[in-house]
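Chain naming follows the written order as A, B, C, D, E and F, and within any one chain the residues start at number 1.
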């Protein structure tokens, strides 16, 4: 991004700058892994629970499972959202996000090395300012890593079934310019919004790009993927530091 | 309670001692009132939202409404609880608690002085260690007070419709002894569990006593109510300090 | 209540007078216990069913269970209420009441002496005029006792697992005066409404007091509990006569 | 049926005999029409409520509506049935029956003469011994007639919108013999079960015949319809006597 | 029908004429039986699936089960109907129809000769022009017969458990005249609508007649049943030809 | 793909070959647009309905709306899937797909030029063999175009609000080779599955790539996007021919 001053972002960040990212481990007491992850003002509590059961379709097959659920506190957002528990069902958006988190984490875990257990991830948004799904994936990885350590300490596992890191970031075309890690203001105004999930080795797990306004070109896409690679490399480094 | 050493509580507290109580205002950014209340390891995020609408049965009557919803993050507890949004309905316990919070707060607000608005309280338990409903009421009052101030600052109201404080505490018979502010260990073992809601003026709004084991006597009840009066007086003082 | 003429009740009853209470056993044919209980114009059909199963969490533990459900016919009330089966869910109020009935009855039964069976109570309000939950508890006890007798007659049990009676009544502050067993008119106008559940031995199982209007004092509470003790003693006597 | 002794019915009734039918008006206090109808041991409480509203598709068209709901108390039957409100939905059987009741009653009412009101019928089975839907229709007609009188007394209507009586009975082939008004024992064993709804004028409103075992012939059908005509004529006479 | 020219039907058909009926087997690839049945413009896709399981109440009893589900594509009709899956429940009408299809097919199958398997029928209306339930039954029989052949070819069964054909047609009184196989225009205008289900042997399985307008007489009923017998005989012949 | 013989696809297609695509317009009678689209053995019925209403959030704003729903007949698949209407909710997968269809079509329509109307698309899978969502989008465009013509013919619109074509195809890495338009066998075995939606002008509307097995590289992504561009160009040409 050669000239961020030409088209400054609302936050004043450079086009290729992440927001301040914080990863607080052991945030609550009961979960085997518990992480508060912040991407700027977006705060998500990610817990990892070790459950001594697997879904019906896996019973007796000697392997484990990993799944995720996602929620948002009603007033995590600018205007209050309806409480999904009161409404009696999860929105399509919620289900889409929790399916994405589960797939992303399953891409880096060897389920056959987990035993007949489920690693249950819960990502609950305390405060939202854009990027809640990417923060969720990034934080859930650290919570999962802590739950794995908890099992190793108790001799439930001899080594980690996690084969690599996984982290995620959003990129988008805002005002014709590709930018990294959109906040809510940018997210509302962007032409293209893309969520990218990658491993520590720099390979892609998911790419979900959507033209909100004008459709995007191959050139746009290349620029966005380049930004994402750079941002995720930095997030993986922050995960490593948090877990050190 | 003159002799706490005879029957020490698991926490080492005196029979008439509250846990450490903290009331953090402005905990999240978007809500008009946002309070993290802690009773020891129990932590509840209470937000108050000002909504420009009232339920159907109040439309056009020139008065306001106050209502509350309650939830618990799946891993707020020792073992993971099912997510109510995924399950598709709120449990009877959840509904009972949110109805109690709403009634308690409505007891101290003059709805006719609120305008055609709803004060929506959301109490979400981040971490549970007993007493989540009493912490919710105590914290929700402060969130509501902040939302009222927000309206006054914007000239939406000229004076506060809150006529008094309201706070709540649990008391119970544990091992034959009346104790104040039960934590989870005591709550699981008690013979009687009583939740008491009172105003700043020292009057009762709700008394809900349940014999979990042996039924209780008038004498037990008097001892419990005495403890509750004392504990709630202290909680109201802490609310005042937090709002000062 | 020394001077009921000063503040006469709408029904003309003395402040400490119950409505006419009737307990009709064997009201319907199929249930193991079937009781129509009337508190004045409030009529509730209470049936007790003996089921050869226990909930999942008790399987194989050699003990029984007791649970209750509550419903109201749509036109039991002055204006027709929505049918909960058509609406697709039970209201918070319904769930609150059926949980209360279950807890109250479980307080006087030795579940380990019941065998792996469930005593299922169903309380259905045929006509409502205030006090449906207290009439339900009082009638459900008699239905449960009949179902126990039915099991003893068939040598399924050698002795009754019921350790005591349980009955319930409402009390409240109406126009500044404590009164016993509120009917609908009083219930709608009262400042405080309290439901009290007690055993035959005169101990408390549940006390649920709510300030509908002005909060209540310790003195009010003492007066109300005194009235309730007296009313419940009379109800237990009527249960004994019905079962004689 | 010239020779009932050849193939006696479990109840000892002649093949063309109804069970004892009772129609008790003003059974409960609040509803505009309230009838307990008994066909032997089958007892259904039928209430008719006058509602000052019509469904959306009729608003502003100056005509009324009539609709019905049906339910069964959980222990109306030999073994306890699940409570539909707790289960969260009405069964297909329940919906089928309440649709039948509504259609049957609408066949004899002039909705354009009812004003913009709904006549809401609720049929709740207190005790079941076969024939609950036919008892419901027969009793609901009387409840509706009482609700119409209530409106006429209050000058809400000047004359009755009911154009005729409507009543219903079951007939069936049991052990090769056509019989009238099946009780539960016969209903469980019959080869063909037919519910017939007719007007006071002797015309058909509904005929629903189902072969539970062997399919039936035109001859069977003629015999069954003959029995039904005779039974319904008697039921209409009993309705007239009850309303006299 | 002596004089169809006096009161011509909208379609120009004679009173006793079926619409053009087509039965296309092997319409889709995956199902064990798959039939597109057309009654004029009404088109229903009927599939029969062989499932290696039975409902809980039949487990271990060595017999099979047959059940049916019914649906309508949202735009099968003149105006778009709500999608039941999106709405979250099946309408009463849908449940009524799928129960009817299941009962009709069970009337001609020997479930004890099916093994512990379920024959699952799915009838989905692609285009509706009246008579969707009768077309469904008629087509579902052919799909079931194909699924039975599929099982015989694989030595899962040695002979067919189907004891007879079953087919269905609607008849009705339109403008005072009995007519066969009503299309949508006639169905909307008729006084009486009757659905008749019969076996290949000419016996009745179901008769469901409803007076939509004026009640009908025994004479009407006889005329309608006569038309239905004739129409169903023709449909059974078409089934035989399709299966030949 | 220069050397398809090295790694032949199960279907024998070249790596860059679409399956046989058919677009049948006017497939059913009632809908304003009705298209059966086939991608090989995958068959989807796409209807477009013109509704004279808009969702609440758009009322009175003088613009239209476009939305989509998606469903699959229970036996469209190899093994029967549960009917979502019977189960009482749409799966996460279903919601994800219908949201994708809606977004894709909205990308090429000028809603402000549609008037206060909703274009409701329904995509129902009759037979599934992989690629149901991409076939749905491709067919839904043609159905929408027909519905627009229907409106223009009736002078409801003077010109089309459709600004461009939109079509979709899947691409994936199968056995290390990038291939176009995966069928079910390939879809089950692929390492990466990517759905691409593009406009007639060759710009991207959605890109959704998921690593089912090993994560994918930038090089893989480039190859896949190249195949998709080529396939979609062909699909747009087929849409033009169908609409000619």
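Definition applied: contacts are C-beta pairs under 8 Å (C-beta built on N, C-alpha and C of every residue); 3 or more make two chains touch, one makes a residue touch a chain.
Bear in mind the structure is a predicted one, so any value in this text is a computation, not a measurement.
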{"item": "Angular offset of subunit D relative to subunit E [C-alpha, multiple of 5 degrees]", "value": "180"}
{"item": "Farthest-lying chain, centroid of Cα atoms versus that of subunit F", "value": "C"}
{"item": "Mean-CA-position distance for subunit F and subunit A (Å)", "value": "28"}
{"item": "CA centroid of subunit C to CA centroid of subunit F, Å", "value": "60"}
{"item": "Interchain centroid distance [CA atoms averaged], subunit B/subunit D, Å", "value": "51"}
{"item": "Multi-partner residues of subunit E (at least 2 other chains)", "value": "88-89"}
{"item": "Starting from subunit C, with subunit D taken as the next chain, the full ring order", "value": "C, D, E, F, A, B"}
{"item": "Sites on subunit B touched by subunit C in the complex", "value": "89, 92-93, 95-96, 98-99, 103, 107, 194, 198-199, 201, 203-211, 214-218, 220-221, 225, 229"}
{"item": "Complex contact set, residues of subunit F against subunit E", "value": "28-31, 34, 41, 43, 45, 47, 49, 51, 69, 71, 73-78, 80, 83-86, 88-90, 94, 120, 122, 124, 126-128"}
